[in-house]
Amino acid sequence: MVTLIPGEITVGGVRLHNHCMLAAGVLGTTGASLARMLRAGAGGVVTKSIGPEPKEGHKGPCVAVYDGAMMNAMGLPNPSHDFIGELDGLTESPVIASIFGGTPEEFGEVADWFAGRVQALELNLSCPHAEGYGAAVGADPDMVEQCTRAAKHSGLPVWVKLTPNVTDITEIGLAAERGGADAIVAVNTVKAMRISTNFRRPVLGNGMGGLSGPAIFPVAVRCVWELYEACEIPIIGCGGVSSADNVVEMMMAGASAVEIGSAVIEDTEIFRQITESLYRRDGGECPEDIVGCAHA
Amino acid sequence: MREIPSVPVVITEIIEESPSIRTFVFSRRFPAEPGHFCMVWVPGTDEIPMAFSAQNAITVQKVGEATEALFALSRGDEIGIKGPLGNGFTPSGRTLAVAGGVGAAPLRLLATSGVADDFILGARTADELLFPEELAKCTNLQCATDDGTYGHHGFVTDLLRAADPTSYDTICVCGPEVMMKAVLAILIEAGCPENGQFSLHRYMKCGVGICGSCCIDPTGLRVCRDGPVFTGDIIVESEFGSYARDASGRRKSF
Amino acid sequence: MVTLIPGEITVGGVRLHNHCMLAAGVLGTTGASLARMLRAGAGGVVTKSIGPEPKEGHKGPCVAVYDGAMMNAMGLPNPSHDFIGELDGLTESPVIASIFGGTPEEFGEVADWFAGRVQALELNLSCPHAEGYGAAVGADPDMVEQCTRAAKHSGLPVWVKLTPNVTDITEIGLAAERGGADAIVAVNTVKAMRISTNFRRPVLGNGMGGLSGPAIFPVAVRCVWELYEACEIPIIGCGGVSSADNVVEMMMAGASAVEIGSAVIEDTEIFRQITESLYRRDGGECPEDIVGCAHA
Amino acid sequence: MREIPSVPVVITEIIEESPSIRTFVFSRRFPAEPGHFCMVWVPGTDEIPMAFSAQNAITVQKVGEATEALFALSRGDEIGIKGPLGNGFTPSGRTLAVAGGVGAAPLRLLATSGVADDFILGARTADELLFPEELAKCTNLQCATDDGTYGHHGFVTDLLRAADPTSYDTICVCGPEVMMKAVLAILIEAGCPENGQFSLHRYMKCGVGICGSCCIDPTGLRVCRDGPVFTGDIIVESEFGSYARDASGRRKSF
């Protein structure tokens, strides 16, 4: 297996302990939980997505777990401004605040709350199951550009998280780049549905949901590949990563780092497990040489 | 990633335990150990956590929308059961169970599996004491009611103090958080908080340890997966007894 | 499990032996192979996609098989007009010819070859890895409408097979409907890529490929659901179906029948196996009552 | 659906068998039985089917782009091996192998695993006889060359006729299709086509039985999955010996 030389890295304006971050919305609702994942070996952590108003989220079932995949429709539950307090004691840590809004103004407003409290913002322009938010905004290149620009006013580095549920993801990536994004995160969940044949209704309370986990890894790799061909800014790979070899594969497709979400269901120690096999002081390769090397 | 199915079960019996508490017996047994819970899918309404009160039953207090929808179901109706989930109790040696209100649900399975030597059961009033006959059969049962309509007039904590907590190797506790907090205080006083195993309730969205809505401060432990059962020493310096988070993640004091 | 009353059905102008058809491109290169799958219990069979010129397809590897998914980039290999001869002896059977082209004119031309030889045409407007064909055309509603109309001139019933790799699949479904389609087939493969970390290059000869098999089932169910809400014409579900319960689930989402591709890798007897558990003369439900019932 | 990996292997040895045929030995053994093949990924070029000539080797004739790319590789280079694939030979009783040209590759494994009693090996010329020494060690070997430079001057079919095909329970055959067709004709004449096991070559894209490019008429059997080995009775009334399909699926007569 390809291994990497260990060490801190900087991606999209953020100094990370290693290449593997906790993805948004997974064990990211409280500061204590984020701190736990950092202790458990995450190179950085992304918070639950925070919006302009508190939201309770969708009715359950919110999550369905399958062999090799999970599907969720949380409905962006979040405490809104109250969340700021969760970050006390984490201001020096590699914490990235995921934020969302329905308009550039809302993105700008929420972004400003986080100035001085986190290392960067990640714009959730990609949740596939929240009306008027997420992918509803993120499929429109102009909106993406404007929301990015609005968030940049906070002075924080801005990462833009993309949805794979578009005809051409590079169009959206380029819009983020034009808006001044410091990095692209690819991807959020794939729009999906399962139906209980017994109950004759969708399995999730919301009906539609987002697919994540190993099943979407080939889709995420493809998106990272396409973005790497089209964009200049760094790409952070997300979607189905569950092993050190998956991390390397994402990096070869063009990712400078990765985020890991669903695989945390296996074990909260997943970051330790992955990084232990990913890095070798002797024999490890220089990470920069690996990023995008499959395009050669 | 392995499937965690929500298994459709038929409600085969509904037992009215008290005016606001019913036991729903279903068509299938799950390999639930005492303290395990399930996510109960009430189709069209919500999915909510419930302790297994037997391997084929849950015991539900009507408190809001989803539990009301459950109460509207009849024999023959179907619900979905995802579980067993969580860590469960890990009793060893001489074991005491302390239950308040509907907190008796998970402890019933402890008692019926023959693990609880003694059982302290509390409720506001006699009508609301859960499973008294059944528990009396398999444990040495003492009851307390707030209004004195049955057993000791007062709290389960009075009975616990009298029973000498240090004489037990394991004390399994479930009930309203203020009551559990008072039990923990007694165990700390007695110098044995680690012998106390507390089954916590927190707002749960996924129930399987991925969403983070049930995490407690300051450890970040997930009630749904690392819990719901925690020993007293783990939660003594925590949010336990002082606040919890609601569906949006905002803190609410008890 | 929900079971159905057995019997012939008619979907999109074609009389089928049962609800489970062989999907395009899977064991559909020769007449003998199609006949074999009909003997093996398929309710109908769709041919390999046939285009205006013979094509050799992409260099290998063309197919990669994973746990719960496969990925292919065949590159639409096909004998073009020579294929007609393969259908001798099958003119009375429920055979649907999959065709493709780069323009409405090409669709019209190829469609005409099949008049009188097959029961219907399925327009491949959705292959994600053939430049200038498939999804390159199928993501554009106007092109879809025009290609559909051109194929209709053949006088055959026309099914339009959609790609899930678009922002809004209902827009494409409605375009097909406007063009006069008799049914929609949803969906073709999901655009994907895997990289060999050992060889530092994509696993498929073509780089990009299409994901199929169980991994995409939740995506296909979602697409069928969305189309059922938007369109009037029948929908044929395709993507990841591998069990009788999957067939029922697709139908509850809104499919009048299904196509099965990747699952054939398990066993060419898969149609027999699925239909044996899908149908019950006693206790089976009326299929029409199942179609779309989860929308209630 | 279970993964069918393309396993990276290092080429550890390259043996020049003849001017146009080389054996590539690799770093890893696969559980290949005689007649099994693999899809060989020559990164950057193509993936092509090759019989296992040993559990850790393939024997390749240079005929076009991918085989040329293979010939350009050196010791230490890597290729991907997907397999073992296909059904393989199923010999029983007294067994004869009949090989023509590079068709000796799959039959070598039959011989080295001690299953072939007798072996008839043919080639155009002495230089191109594959594995003669090795085969002579583990079988009773007879050779034929078209130009008479070694062994019988003529075809393997001459030797087969002389050997009395009816005296064998199994006759495993691999070589150019015209040669195999001639062998089948002899077996039909002798009344035992079902004793002949023919390893077919057809254009293969997937190698795993899903794409349909290797199907034969009129049965629709897949050479990659239902084959590559078929008994004579199965293929007697087939396209075998008369035509095959190219990459696009068009028929090409032999």
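Chains: A, B, C and D, in written order; residue numbering restarts at 1 for each.
Keep in mind that, in the parts below, a contact is a pair of C-beta atoms (placed from the backbone, for glycine too) under 8 Å apart; a residue touches a chain by one contact, two chains touch by 3 or more.
Which protein is which chain? UniProt says A, C = Dihydroorotate dehydrogenase.
Everything numeric in this text was worked out from a predicted model, so none of it was measured.
> From the C-alpha centre of chain B to that of chain C, how far is it in Å?
Chain centroid spacing, chain B to chain C, equals 51 Å.
> Distance from the CA centroid of chain C to that of chain D, rounded to the nearest Å?
Chain centroid spacing, chain C to chain D, equals 35 Å.
> Between chain A and chain C, what's the gap in Å when you average each chain's C-alpha atoms?
33
> Do you know which chain D residues sit against two or more other chains?
Not one residue in chain D touches at least two other chains.
> Any chance you could list the residues of chain C touching two or more other chains?
66-69, 198, 201, 214 - these are the residues of chain C that touch more than one other chain.
> Graph of touching chains, which shape: line, ring, star, complete, other?
line
> Which chains touch which?
The list of touching pairs comes to A-B, A-C, C-D.
> In their complex, what parts of chain C are in touch with chain A?
1-2, 66-69, 71, 139, 165-167, 190-195, 197-198, 200-202, 207-209, 211, 214-219, 221-222, 225, 245, 248-249, 252-253, 293-294, 296
> Hey, which residues of chain A end up touching chain B in the complex?
Spelled out, the residues of chain A in touch with chain B are 25-37, 48, 54-57, 59-70, 72, 74, 77-80, 82-83, 196, 198-199, 201, 203, 205, 213-214, 242, 261-266, 268.
> Can you name the residues of chain D that touch chain C in the complex?
Answer in residue numbers: 1-4, 6, 8, 39, 41, 43-48, 78, 80, 82, 205-213, 215-222, 245-251.
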